[in-house]
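In the two assemblies presented below, subunit A is common to both, partnered first by subunit B and then by subunit C.
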Partner chain A sequence: MIGFFREVARNRVLFLMIAPALLFFALFSYIPMVGVYYAFTNYSFDGGLFGSPFVGFDNFKFLVSSGELVTLTRNTILYNIVFILLSNFLQLVCAIFLAELPGRWFKKTSQSVMFLPFFISFVLVGAFVLNLFSSQNGLVPSLMAQLGLPHYDFYMHTAPWKYIIVFFHVWKGLGYGTVIYLAAIMGFSEEYYEAAKIDGANIFQRVRSITIPMLVPTFILLILLSLGGILKGQFDLFYQIVGQNGSLFNSTDIIDTYVYRSLAVNFDIGMGTAAGLYQSLFGMLLVLCVNYIIRKTREDYALF
Partner chain B sequence: MLHKRLKWTSAAVPLTLSAALLAACGGNSNNGGASASASASASTPAAGSPAASGASAGASAADTAAKPDTSKKVQLNWYVLGDAHADTPKVMDEWNKMLEKDLNATVKLNFTSWNDWQSKYNLLLASGEKIDMVFASSWANYYKYAKQGAFMDLTGLLPTYAPQTWKEVPQEDWDTATVGGKIYAVPNTNPEYTPNGLVYREDWREELNLPEIKDLDSLEAYMDGVKKNKKGVTPIGGKAWNEVYTLFTDYYDFKVYGGEGSVIASSSYDNPRDIVEYPFTPQFEEFVKRMKTWADKGFWASNTLSQQTEAGDLIKAGTGAIYWRNAPGAGGFITDVSKTNPDYKLAYFPFTRFHNYAIPTLPMANAMAIPKSSQNPERSLMVLDKLRNDPTYFRLMTYGIEGTHYSLEADGKTMDTPPAGMTVSKDWKPYDITSWGWRYQPNMLQTKGGWDGMDALNKEFAAESKPNIFDPITMDYEPVKSQVAAVNQVFKQYGQPLMMGLVPDPEKALETYRSKLKAAGVDKILDYVKEQANAYFDEKGIK
Partner chain C sequence: MKMEKSTIAFNAIGYVFLSILSILCLVPFLVIITGSLSSETDIIASGFQLIPKHFSLDAYRAMFTNPAQIYQAYKVSILVTVAGTAVGLFLTSMAGYVLSRKEFKYRNGLAFYIYFTTLFSGGLIPWYILIVNYLDMKDTYTSLVVPGLLSAWNIILMKNFMKSIPDSIVESAKIDGAGDFRIYFRLILPLSTPGLATIGLFMALGYWNDWFTANLFITTDSKVPLQFLLYKILASASVLKTSIAGNLSPNFQPPTETLKMAAAVVVTGPIILLYPFLQRYFVKGLTIGAVKG
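And then the complex of A and B:
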C-alpha cells in the first residue's frame, strides 16, 4: 500500500495523464453496470432498481425454454468467426496489393472507392438487398430469367442468405480495414525492402517474407479486439437485411435479433437485461479464452 | 526503479484495455441500467406528489368553492402515437395561445411515429422522462402497465381537476379503465365498431366481371382475376400480414387472447369457454394449406414478411388491389383515395359478414393516461378536460386550423376537406394526427363528401351487435411471461411464414410449428388463460 502511494507520488504526471481515462470508464462503464441487477428482478415502476422483487434466475428461463439458445449461440459465433477471419484476410490482401501498386492516382481512387460502402447506412443496404433479390422485379432474378436459368426464389430458401449476409458485411468493412493495414505497411522501413531487392528477392518473396510477418501483430490485435464483440453480432446488418421474415430465421437468426424480437412485443426490462447479460458474459469468456491461447503460444501479442 | 515503473504501467495498460472490453461487452445492459436508474431516482419525488395532490384533492373537494390554483405557468409534455402532420407546430402554437390565457399552461405535443411504436412507447414509460399525458390503450398494454405501476392513480384527482369529463363519461366506461379498484386513464367517448375487413378495387372487379366478394372463394376468385389480367399488379402488395392474419381469425371466428403473438383463442364467440391452441385445430391446417396455394399463385410477394410498405400505398400507386382496414379506417382511406385518385372506385368487405355479428369497441381501446413521472398531473388533467369538452380546443387539436385544413359547413357539425380553394396533395394533406385518445362524440365533426358507405355499414353493425365479452378480460401474463416470450418467438419464426404460405411443404412446416410451440411451453399458457378466462366468465355469468 505504502509502495503504491510512493509510486503515485513519484509518477504524479503519468498518473494524472491516465486519470481522465480511468474516470471515464468508472463513470460510464462500471457504475452503470449496477443495472445488471435488473436481470434478477421482476421490474415494477414503483420499486425501480432496488425496490423490485428479486426473482433469481427466472428471467433467464425464456432464453432456455424455447430451446433455441444453442442454435442462436452457434449461429452468432459461426457468423462472427467467418466475418472476422474473412474480412481480415481480404483486407490484408487488398492492403498488400494497394501497397505494391506503383500508380499513385489509381491507388488513391481505388482506396476511396473501397472506403465508400463504410459510410452507407445499413438501412440502405437493406433496400439494396430487397431490390437485388426480390422475386417480382429484383435485379438478380430478372438477370437469371434473361439468361434462361430456372426461376429461383431467394426469399423461399434459407441457403443463399448466409452468403449474402457475409458478402455485405465484408463489402462494407473492406475499405476501413484495408486502410488500417495499409497504414501499418506504410510504417515499415523501406530499408528491408531495398535490402531484399539487392539480394534478388522478387515481389512475391518480398511480400511473403517481409510484409506478412511484420503484419502479424496488427492482424492479431485487430482480431482480438473484434472478438470482444463476437456475441454482439451485427444487429443492423441482420435486422435490415432479414427483418421480421421468419422463413429465413433458421440460418440468419442471431442472439441480438432474437432478443429484439422477443422483447419488442412483450417488453420486459428484466428479461431484456438477462439476455444482455448472457451475451456479455459469454463474450467476455470468449475473449479470455482466446487471449489465454495467444498468451500460451505467442506471449508478446497477448492483450493482457 | 525503472523496473518498478514498468511494472506499474504494464499493469495500467491491461486495466484500461480490459475496461474497454468490458465496456464493449456490457453495452446492452448498461443502457438499460443507466436509463432505468434514472427512472428510479426520478420516481422518488414523483411518488410523493400523487399522494400530496390526492390529499389536496380531497381537501378542495371538501370546500367545493376552491378553484384549482393555476398561478404558476407550466409546460406540459404530452405524447401520442403515430406521426405529426407538417402543420402540427402551427396548430399547437394557436392552441397554446388559447391555453396560456385560460389555464396558464402550454402543451408540447410529441409523437412516437408508427414505425416501431411499441418499443418506443415502452421506452418512454420505462425511461422516466417527465411526461404529463400519454396515449394509452388496451391494445398498447394498458392493463399490464397499470398493474406494474407505470401510470398515476387518477381516482382522487378526476372529480376536482376534470369535473366535466368525470360527469360525462359513463360509469361503465370508467369501469373498463379501472385496475385493482383504481382509475388510471381517461377513456375516449366515441362508441364505434371497428371490425376488420378488406378495402378493394371495385372498378377492377366490375371491369373483369368477377363475382362480388362475400366469402373466401369469391375473394380468391377476385385476386386470381386481378393477378391474371392486370400486369404488374400484386393483389396484396407490400406487407400482406395484417390482411392474411385477420382473415384467418375472423373467418374461423377465433377470439385470440393476448394479442397477435399469442396462439390461445376461444374457438368462437358462441363458445367462449372452449379455449384452444389454434395452431392445433383442423381449421388452422385447412387455412395454411389454402394460403400455400394463394402464395404460390402470387397473391402476395414471397418477401412480403421483409417488407415495410403499406398495401394501401400500393393501391394509390396503382399496383395493389387489397388493403386491410378496420371499418372507420376504411372509410377514411376510401375518402382519401377518392381525392388523390378520383378515377378509382373502391369498396369494402367487412369480415363481420362471415358470421353476421359485430362487437362494439371497448372504450379503453383509446384513452389518455398520466405516467408516474409527471410533475403536473393536476394541470394536465385540467387541460384534458378542456380539450375534450370545449369545442374550440377540441376541433383545433383534432382537425387542424379552420380554413387551412378544413372548412366548417353551416350546420356546425360537418366539415369540408379540403377547404374551399385548396387542392389535394399540392398544398393540402388531411390533418390526421392520432386524436383517438381524447375523442368526445358530441364535439366530433362529420366529413362532407366522406365515403357514403360508412353510414350503411354502421347501421349494419348496429343491427347485428353483440356484447363485447372478450376485450374486458384483463389478464396479467406475469406468471407465464417466459413462456409467452418463447411462444411469441416461435410464432414469428415458424407461424408467420406458415400462415403466409411461404414454406415449401405446409404439412411438414405445420408439424415443426406444433412441436416448437409445445417445447416453448404453450400448454402452460393455455392452462393459465383457461383458469383466468373462466373465472371472468363465472363472475359475469357467461355460460
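And then the complex of A and C:
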C-alpha cells in the first residue's frame, strides 16, 4: 500500500493524465455491471435496483422455456457466420483483383466507390430499404409489376429479408475489408512473383500458388477475431432494415434487437437485462477461447 | 510485350467482377437521388422508378420553405461531433501516452482495467438506467457527447501507436527537465499526428452517424441531431414541418415519399462532398495499423 502511494506521488502527473479515462470506464462500464442484478428481479420503476422483488433465475428460465433464447441465439450466430464468411471472401477476391489488374484509374475509382458505403449512417440504409422495398411504392415491387410478375409484398414474407440484411452488411464493409487485405498483399515480396514469372507461371497460377497461400494466415486470423464477436449482433443494421415489423421477427430478431425492445417497447427490464447478461457472459467465453487458439498458433497476434 | 491469353482472361474477369460490385455499391445512392427528383404523383401512381417519368424539384422546394429544422439539426450534429471528437481525442491520447510509458509501474494493470470493458459489460439496459435515472442526463446535449467519449479499442490503438516512438526522445526531454505533461503535449502529440488523424476521423464519423443515442435520450425537437431527424422523417414525412399549402394546381400532391428521399440527400450530402478527403486519410490510417490495431 505504501509502495502504491509512493508511486502515485512520484508519477502524479501521469496518474492525473489517465484519471479521466479511468473515471469514464468506472462510471459507464463498471458501475452498470452492478446493474446485471436487474436480470434476477421482476423490475418495477418504484422499486428500482434493490427494491424490486428478487426472482432468482426465473427470467432466464422463461427465456429458455419460451424458446426465445434459442431463436435469438440461432439467428445471431447464423447471421454472423454468413456475414463473416461472405464478407471476408468477397473482400479477399476484390483485393486480389485490385492488386493484379492494370489500369490505375479504374482501380482507384472502383476502390473509392466500394469504400463509400462505409461512411454513411445506417439511417440512410433504412432510406434505401424504404425506397427499394416499401409495400406501396418500392422500386423493386414496381419493377416487378412492370415486368408482369405477380404482386409481391416484401413485408408479408420473411424469406427475402435474410438476403436483404446480408446484402447490406456485406455492402457496408466491402471497401474497408478490401483495404486491409490489399495492404497485406502489398506487403508480399515482389521476388516471389518475379521468380514465378521466369518459371513460366501464368497469372492464375501465380495467384493460386503465391497470393492465396500467403493470404491464408491473414484470412484465418481475421475470421478468428470476428468469431469472438459472434454473439454480438449489429443492432443498427437489423433495426434500420426491419424496424418494428413484428411479423418478420422470427427470422430477423437478434439478441440486440430483443434487448432494445425489452427496454423501449415492452418495458421488461428484468427479461432484457437477462438476455443481455447471457450475451455478455457467453461472448466473453468465446473471446477467451478464440484468444487461447490464437495464442497457441500465432502468439504475436493474441489479443492479450 | 504481348499479353498472355490467361492474363487477358484474368483481367476481363477482374474488370467485370469489380464493375458489378461497384455498381451494386452505387445503385442505392442513385435510387435515392432519382427518387428525390421524381414527382409525387408518379410515385403514388406507379412507385419509385430507376429513372423518374417527370422530373420535379417539389420535394426540395417543400423542404426549403421552412428549413429551420434542418439547420438546427445540422447545428446539433456539428456541435456534438466537434465537441465529442476534440475532448475524446484529448483524453484518448493522454491515456494512450500514460499506458505507453515503460517506467509507469501500473500500466499493465490499468491497461487490463480498460481492456476488460470490451470483454464483459452490463449490457444496454443497466447502462441506460444509469444515465437516465442516476446521472439525470435524459434529453441533454451531454447525453449525446459524454457516454461515447472513450472506447477501449481507441486507447489501445493509441497506446500501440505511441509505443513505436523511440524512448530516447522521452529520456532526453526528461534530462532537459521537461515534465510529463509537457513531454506529451509538445513532443509526443506532434509525432503522433497520423495516429491522431485516424482515430479522430473514426470518432468524428461515429458521432456524425450516430442516431441511436439520440433515439434513446432525446425528446426535445430542437436537440435532435441530423441522423435522428432523418430517421424520424423516414418514419413519417410530417415530422418535417413544411408550408406548401398555397399551391393551386388541382392535381398537386404534397410531397411525402419524395420528401423523405430529398431529406436523405440533404442529410448525406456533406459526407459525400468530404468523401475524397476522408477516404484518403482512412486508407492511410488503416494501412498503418494494418491487421492488428
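Of note:
Heads up, the rule we're going with is that the second predicted complex is superposed on the first by the 212 of 304 C-alpha atoms of A that agree within 3 Å, B and C clash if a C-alpha of one lies under 4 Å from a C-alpha of the other, contacts with A are read in each partner's own complex, and residues count from 1 in each chain.
Simple rule for what comes next: a residue touches a chain if its C-beta (ideal position, glycine included) is under 8 Å from a C-beta of that chain, and two chains touch if they have at least 3 such contacts.
Keep in mind it's a predicted model, so treat the numbers as computed, not measured.
Taking subunit B and subunit C in turn and counting the residues of subunit A each one touches, the greater count comes from C.
Contact with neither subunit B nor subunit C is seen for A:Met214 once the two complexes are overlaid on the shared chain. In the superposed pair of complexes, A:Glu7 makes contact with subunit B and with subunit C alike.
Applying the stated contact rule after C-alpha superposition, one finds that A:Val82 touches neither subunit B nor subunit C.
Looking at the shared chain after the overlay, A:Ile203 reaches subunit C, while subunit B stays out of its contact range. Residue contacts after overlaying the shared chain place A:Ile269 against subunit B and subunit C alike. Contacts of A:Met17 after superposition on the shared chain: subunit C is touched, whereas subunit B is not. With both structures placed on the common chain, the touch criterion links A:Phe25 to subunit B and to subunit C.
Within the superposed three-chain model, A:Gln279 lies in touch with subunit B and with subunit C [touch as defined at top].
Contact with subunit C, but none with subunit B, is seen for A:Ser110 once the two complexes are overlaid on the shared chain. Where the contact sets of subunit A with subunit B and with subunit C meet, they give residues 7, 11, 14, 18, 21-22, 25, 28-30, 32-36, 38, 48-49, 130, 134, 136, 262-264, 269, 272-273, 276-277, 279-281, 283-284, 287, 304.
Within the complex formed with subunit B, the residues of subunit A that make contact are 7, 10-11, 14, 18, 21-22, 25, 28-30, 32-36, 38-39, 42-46, 48-51, 58-59, 61-62, 65-68, 130, 133-136, 153-156, 228-229, 231-232, 242-247, 249-250, 253, 258, 261-269, 271-273, 275-277, 279-281, 283-284, 287, 303-304. Remark: subunit B residues 4-5, 8-9, 12-30, 32-34, 36-37, 39-41, 43, 47, 116, 118-119, 122, 125-126, 141, 145, 148-150, 234, 259-261, 301-303, 305-308, 372, 477-478, 481-486, 488-490, 492-497, 502-504, 516, 519-521 touch subunit A in the complex.
Those residues of subunit A lying in contact with subunit C across their complex are 7, 11, 13-15, 17-18, 20-22, 24-25, 27-36, 38, 48-49, 90, 93-94, 97-98, 100-103, 106-107, 109-110, 112-128, 130-132, 134, 136-139, 141-143, 145, 171, 174-176, 179-180, 183-184, 186-187, 202-204, 207, 218, 221-222, 235-236, 240, 256, 259-260, 262-264, 269, 272-273, 276-277, 279-281, 283-284, 287-288, 301, 304. Against subunit A, the residues of subunit C that register as touching in their complex are 4, 6-7, 10-11, 13-15, 17-19, 21-22, 24-26, 28-29, 31-32, 35, 43-44, 46-50, 91-92, 94-95, 97-99, 101, 104-106, 110, 112-115, 117, 119-130, 133, 135, 147, 149-150, 152, 155, 179-181, 184, 205, 208-212, 216, 227-228, 230-231, 234, 257, 260-261, 264, 267-268, 271-272, 275-276, 278-279, 282-283, 286-287, 290-292.
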